[in-house]
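What follows is subunit A paired twice: with subunit B in the first complex and subunit C in the second.
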Partner chain A sequence: MIIPLLKVTNLSKSYDNIVGCKNISMSLYPGEVLGIVGESGSGKTTLINCLSGNLEPDRGKIIFNINNKETDFLNISESEKRKFIRTDLAFVHQNPRDGLRLNVSAGGNIGEKLMSVGYRHYGNIRSLATKWMNKVEIDKSRIDDLPITFSGGMLQRLQIAKNLITSPNVIFMDEPTGGLDVSVQARVLDLIRSLVNELNLTVIIVSHDLAVIRLLADKMIVMKNGTVIESGLSDQVLEDPQQEYTQLLVSSVLHV
Partner chain B sequence: MIEVKKVNKSFTLFNQNNAKITVFKNLNFEVNPGEIVALKGPSGIGKSSILKMIYGSYIIDKGAIIINNKNIATLSAQEILKLRKTSIGYVSQFLKVIPRISALDVIMEPLLNSGDNKNNAYKKSIKLLKDLNIEKNLWHLSPLTFSGGEQQRINIARGFIKDLPYLLLDEPTASLDSRNRDIIINLIKAKSNRGVSIIGIFHDEYSRKKLNVREIDLNIETKH
Partner chain C sequence: MRKTNNVIKIKDFKVDKSLPFDQEYNFAYLDENTKKMIRRAIIKALCIPGYQVPFASREMPMPYGWGTGGVQVTASCLTKRDTLKIIDQGADDTTNAVSIRNFFKKTSNIKTTEITEKATLIQTRHRIPETPLKKKQIFVYQVPIPEPLAFLEPKVSETIKMHSLSEYGAMHVKLYEDISKNGHIETAYAYPVKTNDRYIMDPSPIPKFDNPKMNNSPAIQLFGAGREQRIYAIPPYTKVKSLDFEDYPFDPFKAEHACDICGSKNTYLDEIIVDDAGNKSFICSDTDFCNKRKNK
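And then the complex of A and B:
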């Protein structure tokens, strides 16, 4: 019997009278990629912000089980929570500018993340940073350049490198290809997918693009008005949707 | 062995006046190890739907499909993922891959995902590409730029690369010329000789004959 890496029970969050997400329950197992889809305002971002510690939910339980160590995410001290977020979780923002410091060099952005989990040796940090720039296909000669000189696709790849370099256990991605040119999207998608396979990453990815979910996610949930209306294997939900709203979503996709 | 027991399947199209389409009622059949079963019937009768239900892509409304003593109808998402990885190969009608990934990487992926080492996966994949008569200058290109027949062979390679006890084939020989069709037929036979249970949809009489299939006529099996 495998224990889920993340178990969420009856999670709710409202903003005054407005429902963010309501009674969300789900499980994620090691090495799985979970896609979250739904229209704007359906609660996708609220949900991953709660799961990643960016937002405090009103009710519910979030249990992480990493290397047989259980963490009751909503009932640990603030300092323990900060440490957990730093070492075990990562968050890739839609806009790479939100996840990077633009006035710090590319290598510095990556190095900072390593230092936050305890790396101190400059030579090691630099060589790891170089290795990761190579992994995300950014020329290592750009290591001392400021991110403001990077293209959108490069920035997103840099943000991914920064987030993955410390081997986090769960990676949250909010529309990681959303702001990118279509030609660049494929490259970033390809990169995410090969890293997921190579490093056996556990990922929760929010996207309104069903093709992205189809290509990346093993399982998916469909959200509407703050609740999960359908969940299952990605190919099953996309090919045999059981809910009216999901059918509408799937049938609204334009095919080239 | 694959056992399909009293399976019902229908689709409700909520956005089209809640139209309900019944595909099967009380569908029963089984496939033994080493046997090749061909699903027969006019287009739209549900041949692909059966493969998709076995693979877990379609919900089983009623009844059971038993593989490895497990009932697909009641498995959780992660149990199905695991069963696919360890037991079921599926060759879909069309290749679905991310742009930019090379044909070789597409074929190696299932092996690497199950923990095979890179060198081994590379060797196996190269051999299969050669067996499938795919020209060397294509190996490192994305299959999305290939012809229909070449794409189909890459798709087959991806489904055949692992040694799995069950194979589901959705028109594997559809867009192939006669020479390449014979190559695929021989690969399917080789799988069958090793005891793999195979269910396929074969549009042509030639393939069915060569493969010595047992036919299941859905016109007879599914009484609407």
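And then the complex of A and C:
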């Protein structure tokens, strides 16, 4: 039997009287890409923020099982939690400016995570940073340029490189192609897909764009009003949606 | 009608005419309760080397940025038997040094000196003397910005957390940027150090040339930041290591010259433009050391 990498049981989070997410249970297996879809305000971001340690949920359990080591994410000390987030998790923000230091060069941004896990050799940090710039298709001559001189798509690719360099076990992506125009979206999605295949990444990706989910996700859950209303293999859910709301979502995709 | 006999009238205050004007202040200006509070902060700081202890910094009769933190620490440590030396950029005769020395002369009537070995308490701005510090000396630094992480993380609540969890990886980002821009670590002063293998500390804006002098020093080193209300310390014989990369080791840089007055080759030098043609002269920034060498 394969043990799930992440197991969530009855997770709830509300903001005063407003429900963020309610009684969410799910599991994620190694190498899987899970898509979370739903309209604005359905609790996608609340859920992903709880799972990645950005928010403290009100109730529920989050258990990570990495290399046969179980981590009860909500019951470990602050220092253990931050160390776990630093070494085992990664978070790609919708707006790359939230995930990057804009006054630090591209190389410094990519290298920061390495330095925070103990790398102290400039040459090694630099060559790894160059390698990753290559991987995300940014010209390596831009390594000493500041992110403010980069285009939107390049910034997002830079943020992806920054997050993947320490090979985290679970990667969270919150609308990674949200603010990009369509052709750049396609390029970033293509990049994410090839990295997922090449590195066998485990990813939770939040999007309101079903095309993104169809392209990337093995499994998906559909959220509405803070609860999961449908889940399953993404092909299955997208081809044969059972819930009325999911049917509406699927049928509202424009076919140009 | 209410009785008014508990109202204190101004004429009830009497100035002690037997004292000269300057000694109407308490010894070393600060009142004893303030000194007690600052001494407690100092003791805590000495117990946790490199940790910034908050204290209730007082208004001092000088502007922030002129050493209000250092002066408060000095005032709290002074005893009547102390001999005080004050330096500013290594010199005993610059504005800041002269005014602070006069301040303590006026308010505590203690002996002052310019000779490093003779001083029991030295307050400094931006230098550590060339003459090695010794046992039983107290060395007080004036600190403008005590938080070495401030440029990376503007939130104080977050930097406190980073210190408490030793999350110092981002500190190397600055050094990385230096090397990638300039080919070497450009930071020349306020070069961050790790104290006792635990806390990362800003050594105040001393040149990095002075950083090795903090390591394993027999003197007590105290740091006072008045505006930022923090005191931190290095107890005697404590390990102080400057941050660096394995392939770019720490380099205590100085100008490649000898002092034009005393001829010393291994002291920190000031560069002085001497005429309109741009000719320059290099002289020791430590005036006491330079004078002694010259007179030998």
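The criterion applied here is as follows: the second predicted complex is superposed on the first by the 256 of 256 C-alpha atoms of A that agree within 3 Å, B and C clash if a C-alpha of one lies under 4 Å from a C-alpha of the other, contacts with A are read in each partner's own complex, and residues count from 1 in each chain.
As a convention for this text, a residue touches a chain if its C-beta (ideal position, glycine included) is under 8 Å from a C-beta of that chain, and two chains touch if they have at least 3 such contacts.
Only a predicted model underlies this, so the values are computations on that prediction, with no experimental measurement involved.
In the three-chain model built by superposing on subunit A, subunit B and subunit C fit together without any clash. When the two complexes are overlaid on their common chain A, residue A:Leu189 makes contact with subunit B while staying clear of subunit C.
In the superposition on chain A, A:Gly41 makes contact with neither subunit B nor subunit C. Panel annotation: after superposition on the shared chain A, the angle at the CA centre of subunit A between subunit B and subunit C (CA centres) reads 160 degrees, nearest 10.
In the superposition on chain A, contact of A:Ser116 is made with subunit C only, not with subunit B.
Of the two partner chains placed by the overlay, neither subunit B nor subunit C lies in contact with A:Gly179. Shared-chain residue A:Gly152: touches no atom of subunit B or subunit C. Legend: residue contacts after superposition of the two complexes on their common chain; A:Lys219 is shown touching subunit B, with no touch to subunit C. When the two structures are aligned on the shared chain, A:Glu244 is found in touch with subunit B, with no touch to subunit C.
For the overlaid pair of complexes, the smallest distance between C-alpha atoms of subunit B and those of subunit C rounds to 34 Å.
In the superposition on the C-alpha atoms of chain A, no part of subunit A is touched by subunit B in one complex and by subunit C in the other.
Of all the residues in subunit C, the ones that touch subunit A in their complex are 152, 161, 164-165, 167-170, 172-173, 176-177, 179-181, 245-248. Within the complex formed with subunit B, the subunit A residues making contact are 2, 29, 32, 186-187, 189-190, 193-194, 197-198, 214-215, 218-219, 231-233, 235-236, 239-240, 242-244, 247-248, 251. Note for the complex: subunit A touches subunit C at residues 78-79, 82-83, 86, 101, 104-105, 107-108, 111-113, 115-118, 120-123, 125-126, 143-144. Every residue of subunit B that touches subunit A in the complex is listed here, in rising order: 11, 13-15, 52, 56-59, 77-78, 80-81, 96, 98-101, 109, 112-113.
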